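In the part that follows, the structures are each spelled out as structure tokens.
Paired with chain B in one complex and with chain C in the other, chain A is shared by the two complexes that follow.
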Partner chain A sequence: MESILNALVSGFVSGSLYAIMALGLTIIYGISRVFNFGHGIVAVLGGYLAWTFFTRASLPFVVSLLFMLPVMYLLGWLVYRYAIRGLMKKPNADFSTVLFMLGLGIMLENIILQIFGPRVKAVPELVTGSIMLGAIKIKNHELALMVIVLLGIIVLTQFFKRTRMGQAMRAVAQSIPGAGVVGINIERIFGYTFGLAFMVTGFSGALLASKYFMIPHIGWDWMVKGFVIVAFGGMGSIPGAVVGALVLGMAESFTTLALGAVWVWPVWFIMFLVLLLLRPQGLVGGRN
Partner chain B sequence: MFEIKDLCSAYGDIQVLYNIDLHIDEGEVVALFGPNGHGKSTLLKAISAVHPARSGSILFKGQEIAKTPAHKIVELGIAYIPEERFLFPDMTVMENLNMGAYNLNARKSMAENLEFVFDVFPRLKERRGQLCSTLSGGEARMVAIARGLMCNASMLMVDEPSIGLSPSMKFAVFEAIEKVNREKNLTILIVEQEIEHALRMANRMYQIRKGRILFERKADEIDVKEIEKAYF
Partner chain C sequence: MKKLNLTRNTVILAVVLLLIVLYPLLGAKPYHLHLFILFFIWAMVASSWNLLNGISGINSLGNIGFMAIGGYGSAILAKTFGLSTLITIPLGGIIAMVLVTLFLGLPTLRLKGVYIALLTLIFADTLPTLLTQTRAVTGGAVGLHEIPPFFAGAGKIHNYYICLAAFLVMLYVIHRLIKSNTGLAFVALRDSENLATSLGVSRFRERLKVFAISALLSGLAGGFYVHSLGDISPTTLAIEPFLMGIAMMELGGIGTLFGPVLGAAIIVFGSEFLRLADVLRMTILGGLICVTILFFPGGLMQAFRKLGNLMDRRGKRKRGESVQAKVQSAD
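Moving on to the complex of A and B:
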């Protein structure tokens, strides 16, 4: 009983981290139709930047985030403005943008490796200690992570619902010609979208790096997880990414409990393939 | 107020419009007739810069706008209501109307325009919380027109507003467009296959054939037989 409750908690913790990680991916895809194959490394970059500001510059964690987020936003905007924007106008844009993002990921991974080296790094825990909830023990750090993720998701959904820019992003996601007809500058919105998505992705990287360890190439692992989650929940759908992440987070912790950690990937992919057979549009349903 | 000179437009290697000359006075309703695939929608897309023209000039209130991007055209005051509607399916009616008032000029007069739109289409007021993907064809057409009205434009281009609608819905849509012209004094360029309906409100008409203007007639010199003949 106790181990089941523990698995439940740990599934919830990793599920919420996966959720915020998958959001950056689903935002870019949902709005601009560009598949970010460098997603995981962008998250890792966010993690390393936060780590640098936090441990090297000795800034408080929240301040480190405040420094890291604008850098990530700027990077995303630059990537769109000086590379993706041109590629999207050419034939074969689906393919060339994917290859560009993949190449960018490989390049960033090696830059990170050159600067920070191959040794394992971790962002220290935000708060130490733990509390007992009935029979189960939860780390305060994990509780803090869940609260931060929850707040992040609320802020994002409110941004898309209430602000003029967020609404314009949804409009572009739903109909590009419709957005053009009402006078939305579509390229500008794509630029903001890349900035926002890189920012969210970097943010998730900083959180992931405080729960798990971090090495430059761990990003590829995170990216595959992100892809499975996004496709599982529904491509381009924010609720889809959150639900997908929680389901797969639970699957991960219960598989680890019942069969051992090596079975996590096989179980994930079996669930993923079965879902694709039954509901190709994903659990919540986004775009195909 | 609005003048096109020597406009040519093409899709890739296929030229669709040849040397179009056309002018519209302020507050005028001008109808554009012609068979399918002869360039009527292409002309509206060229004006709105959704598919910009190859060459030629477009003057709007004395300003050259042939090279202006689509989002600026809306801001300058030309709203385009495409035949395909292009609504935002996962947004409510209200959210779609809000997006119509996206440009900064429209933002200021949003409340007033919303009141007018709900007055013209009371049905939309009832349905304002409903997702657009769940609307009937006629209601979706109303949202498209209403969203165009929210742009706060001084000129409205409407592409086949009655296509695929029931007779009573057609009537309601034409009535609404007439009301817009009458009460807001909007200049209107309308493409329509329902010649009789369109002629009731038009001050002038142009006939397009194979990408060229075939003839132009004022309301009192229009001969429906002549128009019908031009279709074949």
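Moving on to the complex of A and C:
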């Protein structure tokens, strides 16, 4: 019983982290239909930047998180402006953007490896200590992470709902020609979208790094997990990413409990396969 | 004009082929033979991958997985059951074909675009876990070593000719396939699915076919890989070989017959030079992919075609001039 409760809690914690990680992916895909195959490395880069501000400039960790965000935004905008924008106009944009981001990811990963070395970087916990809930022990850090993730999701949904920029992004997501007709500058929106998504991704990377460990290569693991989550929940849908992340986070912790950690991937693959056969648009996704 | 072009290309091909055939007899070092063997195998992998991604426009990212299945299948059959490689390599290919058609071909029938890329990538990503979990059969994380060679006492030079022959046969098969009705159907589905299906091309059948063929050929390449190199481990499925495969297709020219072969040559021989750069190698490989996609989307084949056209045009002009000169002298 106790172990089941523990698995439930840990599933919830990793699920909420996966949710914020998957958000960056789903934002780009939902609005610009570009699938970011460099996602994992963007997340890792965010983690390393936050770590650099934290250790080299000896800022408090929360402040270094805030410093990292504009850098990530700029990077996202640059990638769109100088590479993806041109590729999207060409035939076979689907796959060429995938390959471009993949190549960029590999390049960035190895640059990070050159600068920071292969050793594990420790990102500090936000709050130390832990509390007991009945028989289960929860770290304060994990609680803080869940609260941050929840706040982040609320801020993002409100941004998409209330602000003009968010509404313009939604309009582009619904119909590119339609949005163009009402006077939205599509390319500018795409640029902002990439910036926003890279920012969210970098932020999630820093959070993930504080829960798990961080080496340059870990980004590929995070990314493939993110892929399964967004496809599972429904690509381009924010509630989909959250639901998918929670379901798969639970599946992960219960698989670990029942069979061992190595079986997580095969279980995810089977779940993914079954879902794609029954509902190719994902759990929450609408008609495509 | 077209006829002239054909003969020139044929002559170049024949000379290159002759050099490759004669190369081991001219006293090549074993290490260079090894590089050529790698090139033949990679050219097979890239060509069969290109069948999916280039010819049929199905964005598979899992072909290294297909190759690993074929390789493991053949290696296990040969090592534990002591079967002849004449049987095990085709069997390995068939195992890869059946598994891939079942687990990827059928599910992707309902999927489009990036979903296929995702599913195939995750398929290939699941394999290392399964391999490390079935240590008794597959050797786990260490992999399989001392896999029997093609035949007892086969050396580098035998491996060279066997892989060369396999590569040539496979390239010929792919060439025939592209020219056949099946190949035309693949291309038609890639270029306009609606038009193709309205003309009676069965999307269901053609897609299963292309997955089956690509997996069979990749699996066979995997068989040649294990028996000429002697070992295989889950690191075959790491990110580097995967990226190398993609770089080969893109660099050489995706969707063409010789593009992947050319790309394989550049990457296999080029990464020998890059060995000096050591850790920077992956950075360069990634950068190469980026630059090719951004600036040379058709790869080297397109560049060659442009060059060929340019030479033709210049040749035409020259001949035109000489005709003019004759006319003038006749005056």
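Basically, the second predicted complex is superposed on the first by the 285 of 288 C-alpha atoms of A that agree within 3 Å, B and C clash if a C-alpha of one lies under 4 Å from a C-alpha of the other, contacts with A are read in each partner's own complex, and residues count from 1 in each chain.
Basically, a residue touches a chain if its C-beta (ideal position, glycine included) is under 8 Å from a C-beta of that chain, and two chains touch if they have at least 3 such contacts.
Note that the structure is a prediction, hence the values are computed from the model and not measured.
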Quiz item: For the overlay on chain A, clash or fit between chain B and chain C?
Solution: fit
Quiz prompt | Touching partner for A:Asn185 - first (chain B), second (chain C), both, neither | solution = first
Quiz item: First (chain B), second (chain C), both or neither: which does A:Met88 touch?
Solution: neither
Quiz item: Does chain A have more residues touched by chain B or by chain C?
Solution: C
Practice problem: Figure out whether A:Leu59 sits in contact with chain B (first) or chain C (second), or with both, or with neither. | Solution: neither
Self-check item: First (chain B), second (chain C), both or neither touched by A:Leu113
Solution: second
Exercise. For A:Pro177, select first, second, both or neither according to whether it touches chain B, chain C, the two together, or no partner.
Key: first
Quiz item: In the superposed arrangement, which partner chain does A:Arg164 touch: chain B (first), chain C (second), both, or neither?
Solution: first
Quiz item: Which angle, to the nearest 10 degrees, do you get at the Cα centre of chain A between the Cα centres of chain B and chain C?
Solution: 90
Quiz prompt | Least Cα gap, in Å, left between chain B and chain C after the two complexes are fitted on chain A | solution = 17
Quiz item: Which residues of chain B touch chain A in their complex?
Solution: 48, 50, 69-75, 80-82, 84-91, 95, 98-100, 102-103, 147-148, 151
Self-check item: Residues of chain C touching chain A in the complex
Solution: 53, 57, 59, 103, 107, 110-111, 113-115, 117-119, 121-123, 125-126, 129-130, 132-133, 239, 243, 246, 250, 279-280, 282-283, 285-290, 293-294, 297
Practice problem: Please give the residue numbers of chain A that touch chain B in the complex, ascending. | Solution: 164, 167-168, 170-171, 174-175, 177-186
Practice problem: Please name which positions on chain A make contact with chain C in the complex. | Solution: 29, 35, 83, 86-87, 90, 92, 94-96, 98-100, 102-111, 113-114, 220, 224, 227-228, 231, 235, 262-263, 265-266, 268-269, 272-273, 276-277, 280
